[in-house]
Amino acid sequence: MSLTQLPLLEQFVLLQAALVLFLSFGLLSQTRLLAAIHAFAWQGALIAAVTLTVAIAGHAHHLYFSALLTLALKAMLIPWMLHRLVRRLALERHTETLSHPALVSMAAVALVIFSYWVVVPIVAEELTFTRNIVAVSLAVVLIGLLMLVARQQAVAQVLGFMSMENGLFLAAVSATAGMPLVVELGVAFDVLVAMVLFGVFFFQIRDSIDSLDVDRLNRLTETEEETP
Amino acid sequence: MLSAWGMALLQALLYPALAPLLIGWVRKVKARLNNRRGASVLQPYRDLRKLLAKETRVAHTASPLFRLAPYVVFVATWLAAATVPLVARDLPTAQIADIIVLVGLLGLARFFLALAGMDVGTAFGGMGASREMMVSSLAEPAMLVAVFTLAMSAHSTSLSSVIGYHLADGFVVRPSYLFAFGALVLVALAESGRIPVDNPTTHLELTMIHEGMLLEYTGRHLALMELAAYLKLMLYGVLIANVFVPWGIGQAFAPAALALGLGAILLKLAVLGAALAVGETVVAKMRLFRAPAFLNLALLLALLGLLSHVILEVGA
Amino acid sequence: MSALILILLLPLAGALALAFVSSVRWAGWINLGVAALTLAAALWLGWTVAAHEVVAGLHFRVDAFNVYLVVLTAFVGLTTAIFSRPYMRHVCANARISPPGVRIYHSMYQTFMLTMLVALTTDNLGVLWVAVEGATLATVLLVSLYRTPEAVEAAWKYFILCGVGIALALFGTVLTYFAAQQVLADPTEGLTWSVLYADAAALDPTVMRIAFVFLLVGYGTKVGLVPMHQWLPDAHSEGPTPMSAVLSGLLLNVALYAVVRLKMLVDGSLAATDTPHLAGALLMGFGLISFLVAGLFLHRQRDIKRMFSYSSIEHMGLMTFAFGLGGPLATFGALLHMLVHSLTKSAIFITVGHAAHIAGTQSIDRIRGLIRTQPAVGWSLLLGVVAIAGFPPFGVFASEFLLLTATIQTQPWLSVALLGGLAVACAGLFRHVHPMVYGTPPEGQQPVEANMLPVMIHLGLVLWLGLAIPALLAGWLDRATGLIAGSHLL
């Protein structure tokens, strides 16, 4: 089955998935926090759009709810909470200096190739048109992981964490046409609680080290004598 | 009915004939956007004629290479342009020269341009040459990866096959084309010395790249160099226009098809030129140190295009 | 069925109620009461399962394997609640936490118990995931309860690492659901473990193989397998001591439980391929590495809680290895080891809490002469370490002996590594513990008010299990062994 035989609506799903991947790269290299939050919100909106398009193209009615949930949670609520936190922490103008931005981008490209390699045996199965997106969703998950490693700023790390969750939502839509409702609600609830807790932690971290640069959280090491 | 080679020759002549017009159009739109009346769109032709008539002076420290370079640069750029289908698709030039030859010819032109910039031994020439090489060494991989993405869809590196393949498919949403388009636009901006990488209208010494290498040239040498630069911009414009929006290009050598092709490409170039002018008005030139990041973005887009072609479009 | 509902409703109600109790005295008693009622409900559930083999309901299913962990969880939950009451009063008296802190602590304690019990009793892999992630969320605020920079750092590390791990596990769950959809008649049941297990042979082995790697890395992070263990020593050492006891005694077990359940699925799916023991081999590899690395790291520790958390990693590695080894003997040993390790380790952490209280620090170098200052604490620490290091007549010896026997039967060469690792870990523990127990106490070290009852009960039980496993429990473990390994031991 090649691309040209797909109906236009299904081609759009692939395009949206590709843009989700691109936004992951954007998040990875975006140094301004507010811009990164916006990129994250767009990524959430695109995943909601993918879900909606899959729902329309595949006549999967339960996905409408899923799309709505994703849109409300990932494109509105969480970005709004992050936005508010950033304003309350007075980080609107914060820009981070990335060490080795080109290297990190190339590592992310390598992760995309790796995800494809992992997923190839799976997508060889008989599957609907969304099969190719499984690799993209794994790549989004892994790039979120890379962002957690490459970034020192706590808010940026949270964005990485949340974009991992975005990748998981995308995986659920593309591989399985949506998880059962109870699981989907449970996952959404966990993500929301996690976001609230992250908010609490931003203030705790700032109170304890006067900064949100979590690289400075380095008191706990294996052998160092603990300071009394 | 024109013969195929005659058609190729005609098209090759159309490039230098139209390139100054494109530049004039871009300048005109930019002027209008700045609330100026601007010079006539034909001004670049007048500039070239004036330069050709003027006396050509050469610095006494210059080597023969300095005199040779303008001809090599112009001819290489022109040859490169001749391989890009302008009004008709199935040209014999496409049989003998594919995208890789195109990139090679442009590389040859750039090599001589940079050598000529360094030849006289002035500071600005050397600086311009080194910057040009930095930009192009970053832009070239991005360009190659982007054209490979196109070539992988069409299973051919020949431009006219790529265009033909795209025409035969009809309207298909290809994520890889979107990324390749983004990459090629960024590469085109960098390679033809437009904002935000280089400012074509300035002689401000600290920021110039392309102008720096041409400072020592006068008369017809300068005219050739300028025309080569115009050609390069048009080449990239035609490449982007005809590969990504191929509709309208002449499929046969019949006069009607050719007239349609000419009209279509003029329209596409007019739109692209206007878009370029708008972009240059809105965006500020960035610091030279940011240029690598800009071109990394181009490379990233190109790679994403390649990957999304493999992952999303081929289908396991 | 009603026992099952009760067991989940009690902690939920407790969590909600305790969110409004700021009085540390009352909160401690309520916490204790809820934990006691939960244990009663768990015993009732155990009795029901013993009578009916399986108790199942919507999304929930309890068989011999998980009911034994449910009872264990409720039991350790109760004894830790007994310890936590005076501990929190002491913490409050020292003004280390505020009234909101008291509310968070007790409410989250019960929420944590709830997530543990949901994770154990659910039949739905998705709900399992939600519950295990919920356990992280419930405990992360407790790790940073004291708000010291170290505590905040430990909590952040815990949050991020476990969040990442668990995200990978969700990807594995999605893949499992995908594999299930290809074969099940009713695709909406694709996450129900019992349905999947019945059809395991039909699941596509390629997909399940990849899914298992993600699931193992994901839940393995929670088990504390090397190299994903980085959060564990920090979270254990910086949180309040009762938290260390339940994290080590319960959370790690539940994560391992999830891994074993998934291994059962994957084994079924891979049985007909040319790599039928892939899941077991992976578990053995991860387990052995964790076991050996943690044993070596024990030597380098300077913080008493960190040291014992490395001991937890070591024992979790041993259990993972045993479950990977498979076969009735190793599985029986691993189940027994889960039980005795939970009991011993929570007893040790409770004792360590008292020891740190006496010395006023968690630094090993400054805890000295416990046996002279307060013999009860000193003896408890000594006996606890003797038990955990695997000396007879304690139960850990019995389970480790079973594991070694099983290893010698199937993989004789690996028994060398096991014996070496045990010796290294034992040396590491005693090297640090000896001066703490017998050294000269510093001037003015005073005994503290300590409630050694939970420790006595735990160590007494471990001793009993080492001398003679009651027929009831042996039969119970044997049925769980039958479920996991396919054949009974006894």
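Points worth noting:
Order of writing sets the labels: A, B and C. Residues in every chain begin at 1.
In this text, a residue touches a chain if its C-beta (ideal position, glycine included) is under 8 Å from a C-beta of that chain, and two chains touch if they have at least 3 such contacts.
A quick note: this is a predicted structure, and the numbers were derived from the prediction, not measured.
Path length between subunit B and subunit C in the chain contact graph, taken as the least number of steps between touching chains: 2. Among the chain pairings, A-C comes first (most C-beta pairs in contact). The most distant chain from subunit B is C, comparing centres defined as mean Cα coordinates.
Centrality by Cα centroid goes to chain A. Averaged C-alpha coordinates give centres for subunit B and subunit C that are 65 Å from one another. Note on chain placement: the centre of subunit A and the centre of subunit B lie 37 Å apart, centres being C-alpha means.
Each chain gets one centre point, the mean of its Cα atoms, and the points for subunit A and subunit C are 30 Å apart.
Touching of two or more other chains is recorded for residues 124 of subunit A.
The part of subunit C that touches subunit A in the complex is made up of residues 59, 124, 126-127, 129-130, 133-134, 137, 140-141, 144, 147-150, 152-157, 159-160, 163-164, 167-168, 170-171, 174-175, 177-178, 181-182, 188, 190-191, 204, 206-207, 210, 234, 237-238, 297, 300-303, 361-363, 365. Subunit B makes touch with subunit A in their complex at residues 169-176, 178-179, 292-293, 296, 300-301, 303-304, 307-308, 310-316. Residues of subunit A that touch subunit C in their complex: 118-119, 121-122, 124-126, 138, 141, 144-145, 148, 154, 157, 161, 164-165, 167-168, 171-172, 175-176, 179-180, 182-183, 186-187, 189-190, 193-194, 197-198, 200-201, 204-205, 207-209, 214, 217-220, 222-226, 228. The part of subunit A that touches subunit B in the complex is made up of residues 1-4, 8, 11-12, 14-15, 17-19, 21-22, 25, 101-102, 105, 109, 112-113, 116, 120, 123-124, 131-133, 135-136.
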